[in-house]
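Pasting the structures here.
Each of the two complexes below includes chain A, the first together with chain B, the second together with chain C.
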Partner chain A sequence: MPALALAAAALIALALPIPLQVAGYSYFVTVAFLVILNAMLGVGWNVIGGWAGQFDFGPNVFFAVGAYVAALLAVHLALSPWLGLVAGVGAAVVICAVLTWPITQLRGHYFAIATVAIWMIAQPIGATWELINGSRGLFLPLRPATGPLDAVVSLRFPGRSKALAFYYVILVLFAVTLVLLRMVDRSKLGFYFRAIRDDQEGAEGIGIDSRLYKVIARSITAAVFAAAGVVYAFWALAVFPEQVLDLNWSTFPMMATVVGGIGSLWGPVVGAVLLIPISQLMGATLGAGPLAGRGIDLVVYGVIIMLVAALRPNGLLSLPWRAWGRRLVGRRR
Partner chain B sequence: MAPAAEAPLLEARELHVAYGAGVRALQGVSVRVAPGEVVALVGANGAGKTTLLKTLAGLLTPVAGEVWFDGRRIDDVPAPDRPRLGMALVPEGRRLFSRLTVAENLALGAFTNADPAHRRRMLERVWELFPVLSARAGQRAGTLSGGEGQMLAIARALMLRPRFLMLDEPSLGIMPRLVDAILDVLRRLHREERLAIFLVEQNVPAALDLADRGYVLQTGRIVLEAPSRDLLASDLVRKAYLGL
Partner chain C sequence: MTALLEVDGCTKRFGGLVANHDVTLAIEPGEIVGLIGPNGAGKTTLFNCISGRLHADEGRIRFAGADITRLGADRICHLGVARTWQIVRAFGRMTVLDNVMCGAFGRTNRTSEARVRARRLLDFTGLAGHEPVLAANLTLADKKRLEIARALATQPRLLLLDEAMSGLTPLETAAAVDLVRRIHAELGLAICVVEHVMEVVMPLSHRVVVLDHGEKIAEGEPRDIVRNELVIRAYLGDRYGAGR
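Coming up: the complex of A and B.
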């Protein structure tokens, strides 16, 4: 991404929610929070799905792992969410590595089906396991923050500031994720992933252990999902199995990635910025009108995805933005 | 050249390989390649040539038999660990990373070697051997022609700095002029770096012209082994593969 576009995007991301907040539209700040959350999930899914080329339909399992681990530690040990973040990410990576190792023997559709199967198995476990309170869920302890520092450390933000504060929390995590994944993208690891995607046997032929690197790729994805899950748990203040294991936590990031541009670092960000507001705002504006009833946003989604697939199979990012930009700037020179 | 006197670099002993329950692809195949020797493997389609190469590279597991490399038994070394031992396979169909550039494909070939100075040296050598590739360094591998792609596949394997190079049908689907160029490079590598080569090739005269020695494989068994000159003169090869 050119430096100018990056700086503009960063500026908008930093400044946009403030006027919304001041004007009292904190709902739109929450939409912005969900945009960044899904962009982060998309960037994470891109590692296994876009770089390593393995279709993972069940990364939401690790979103749930992150949310539950941090919530458990907060409920029983009154641990800070930031420590919960470390624990949740660590747990997700370990669980992902153990669950993914056996299924890396499978290829293509069979790998994808196995990831769905793991998600399906996770649902009854989430609904019945007493440790995590089964389908009754976990409620995070409520207590007011003692001061601004405590608010940041314990992620307890009073009243109207909550939406804005959580927006910046997820924005910081998202920025950290982008920087780390950009490093991965340009490292040996990133090349190994793409080599396996392009030709697994060719990769093995030059000494790349494809199973090992698939496990590493999915564990990176799991780490990003777990980190997002922790923030989501403290934002929602409760963790339920049907909430954190909702299929949308897998499908929205995947759709954002495919629409934006699978395999490129910024693709999922573009996709999330386009798709999440559509879904949220349509749900809000059409709620009472003649098109009331859930699902109209999914129809629009379907149309967008079909259009992108038919016209630009490599996503919106593959459009000739650079040439258009040059034409715009060039006229003035 | 007297390969029999030298300890073999690679040796397969009585290899049996089967696909699924019943299909026996190799039935007691023994081959040996001395350091710096060029050996050709010829045989009809379905004789088991690719099966043998894949077994040597670790991509297939033999039912019985042994594979030795450099004085060490390597049957239980997984395929991705074998390049580090000094052996490399240029597989049939090239198997390039089509969405990566030529330069990235080559870099990946050397990634398993940690020494950056070595990588730079290897890259210079490869550009020198295949000038066509250096002109296309920034191009996606998927956009190369068949012959250029085959060159890249060989170059990528050379980046591993093997002492033993296996090639599966390098002339398949390539225009004759480029086949000659590729065979010339193999000849140079053999002469200048004493690279041992095990070559599977449909183009029998070309293969035996390059090789010191050859094996004839028929329905999973080695039926003939001789110096190339004798093989070219043998009735079996003349009738079955040269159509004389």
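Coming up: the complex of A and C.
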């Protein structure tokens, strides 16, 4: 049954944007791009937040690191975004390990506050650092791709095909992330993360270096955020500090994880599929109305989170889907 | 003579309170040592100092010749000291099998190997039937058993059991005593048991160490300890000491 659900989800993810694109609704393809982007961030955040149980409120710092590193390399060295991806992820992992090592001594709320503090310190750095052009931002060099191969290598897609192409780029990256994180989940790392979450002293008592494994967990989260940040930079064609350090790059993945099911691999995916379209479509439909720009989507988010917290604190994925599926299949027979 | 564990003049203070004062004891390979004493005698503090949860303020602790006084708990576990906790610290949201696998991962990086080792220990401890159960849903007796299995999975040479039998029914206690005997007989580990229940410690231990107010007041074979006047006073008060 889960294999069937997985196959169905993969099929929908692969095929859904094509009719939208053909019908000329490339806006909805962009919404789909943002859904997958946030789902990817969600499964990344789930490693530190869900598996290791350490609430990280500032993972967007590494989203920005990925975006800036790849953009800098493209601007100054005309480096391909794929090499930028490797460099961005590497830089984010190193920076994350260095920044996280001292704060792993903190627990619970204090760890969370420290991650927020790092984000707050990152903001003025992003706004004033000359190397990255401060608040004037970095603009990626524009040049048309010479052919389909060059388009894929340099992530430059002409005209209306851009939305669809970027959708598949992020989908591939997301699939790779899921496969890798599934391996992490089932390896020693996954076991150690959950042991630390459930009882840190108990974990240390059976030989687990809690500090080291917290740093590893957050570095994995940082790697995923950086990879997404690289793609985002080439999608947006510019990197501004207030844009890549926007709090939403932390809160949306977190909300998606909590609503979908914290700690399970697929929870954030379910949450992102539900929440991101709500925000995008409300923004679009209320655009001209009296409620425009009032953050009404956040009110709806608040209501959803309250409902989930009150009725299903383990997230939507913890609902008895399997029994429902069986009943559905049984009825059809 | 080189003992497996040597605690030499261990002192631990919490502010003005001296929890352990100049405690010296040794545990030989393959020996079962009972550590007893009234409430607040400092038994758990001594365990915490040995296992690296706390660090002694004065004195030295050596394990298999290596100085472990200042090492962290995870390092000490890798050297071969495993412990259980008075208040159970099972990983509640993980299954019984996963709990024990976490211990086994201390000696292997391969998931399949960790699973095989964990299953073997679940068989040994009689928890095989509970494999897919979340640890939080076990009975207290089974949680304590699970902690022992998880500790054994780290392949220790010395096992520290902190009140592994407190709060159990007489039947469960008998089963736990039997398990400790089997760990000793079949795995050949040195074991140190902290226990309140005298009927448990005395027949089980080769040697008994008595703590009172943080100090070692007696040490010897169980049958001598039960007649020791200091011990009787510590437990029952001066009125019951001989000669009054």
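The rule is simple: the second predicted complex is superposed on the first by the 329 of 333 C-alpha atoms of A that agree within 3 Å, B and C clash if a C-alpha of one lies under 4 Å from a C-alpha of the other, contacts with A are read in each partner's own complex, and residues count from 1 in each chain.
Simple rule for what comes next: a contact is a pair of C-beta atoms (placed from the backbone, for glycine too) under 8 Å apart; a residue touches a chain by one contact, two chains touch by 3 or more.
Keep in mind the model is a prediction, meaning the values are calculated, not measured.
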>> Under the superposition described at the top, does placing chain B and chain C together on chain A give a clash or a fit?
In response: clash
>> Quick check on the superposed pair: does A:Leu20 touch chain B, chain C, both, or neither? Answer first, second, both or neither.
In response: neither
>> Between chain B and chain C, whom does A:Ile95 touch in the aligned arrangement: first, second, both, or neither?
In response: neither
>> Which partner chains sit in contact with A:Glu201 here, chain B, chain C, both or neither? Use first/second/both/neither.
In response: both
> Can A:Met282 be said to touch chain B (first), chain C (second), both, or neither?
Replying inline: neither
> Between chain B (first) and chain C (second), which, if any, makes contact with A:Val69: first, second, both or neither?
Replying inline: neither
>> Once chain A of both complexes is superposed, is A:Val270 in touch with chain B (first), chain C (second), both, or neither?
In response: neither
>> After the superposition on A, what does A:Arg186 contact: first (chain B), second (chain C), both or neither?
In response: second
> In the superposed view, which residues of chain A touch chain B and also chain C?
Replying inline: 188, 191-192, 194-195, 197-199, 201-210
>> For a test of understanding, state which residues of chain B touch chain A in their complex under the given definition.
In response: 57, 59, 78-84, 88-89, 91, 94-100, 104, 107-109, 111-112, 156-157, 159-160
> Which positions of chain A touch chain C when the two form their complex?
Replying inline: 186-188, 191-192, 194-195, 197-199, 201-210, 263
> Given the complex with chain A, which residues does chain C contribute to the contact?
Replying inline: 51-53, 72-74, 77-78, 82-83, 85, 89-94, 98, 101-103, 105-106, 109, 111, 114, 150-151, 153-154
> How about chain A: which of its residues touch chain B in the complex?
Replying inline: 188, 191-192, 194-195, 197-199, 201-210
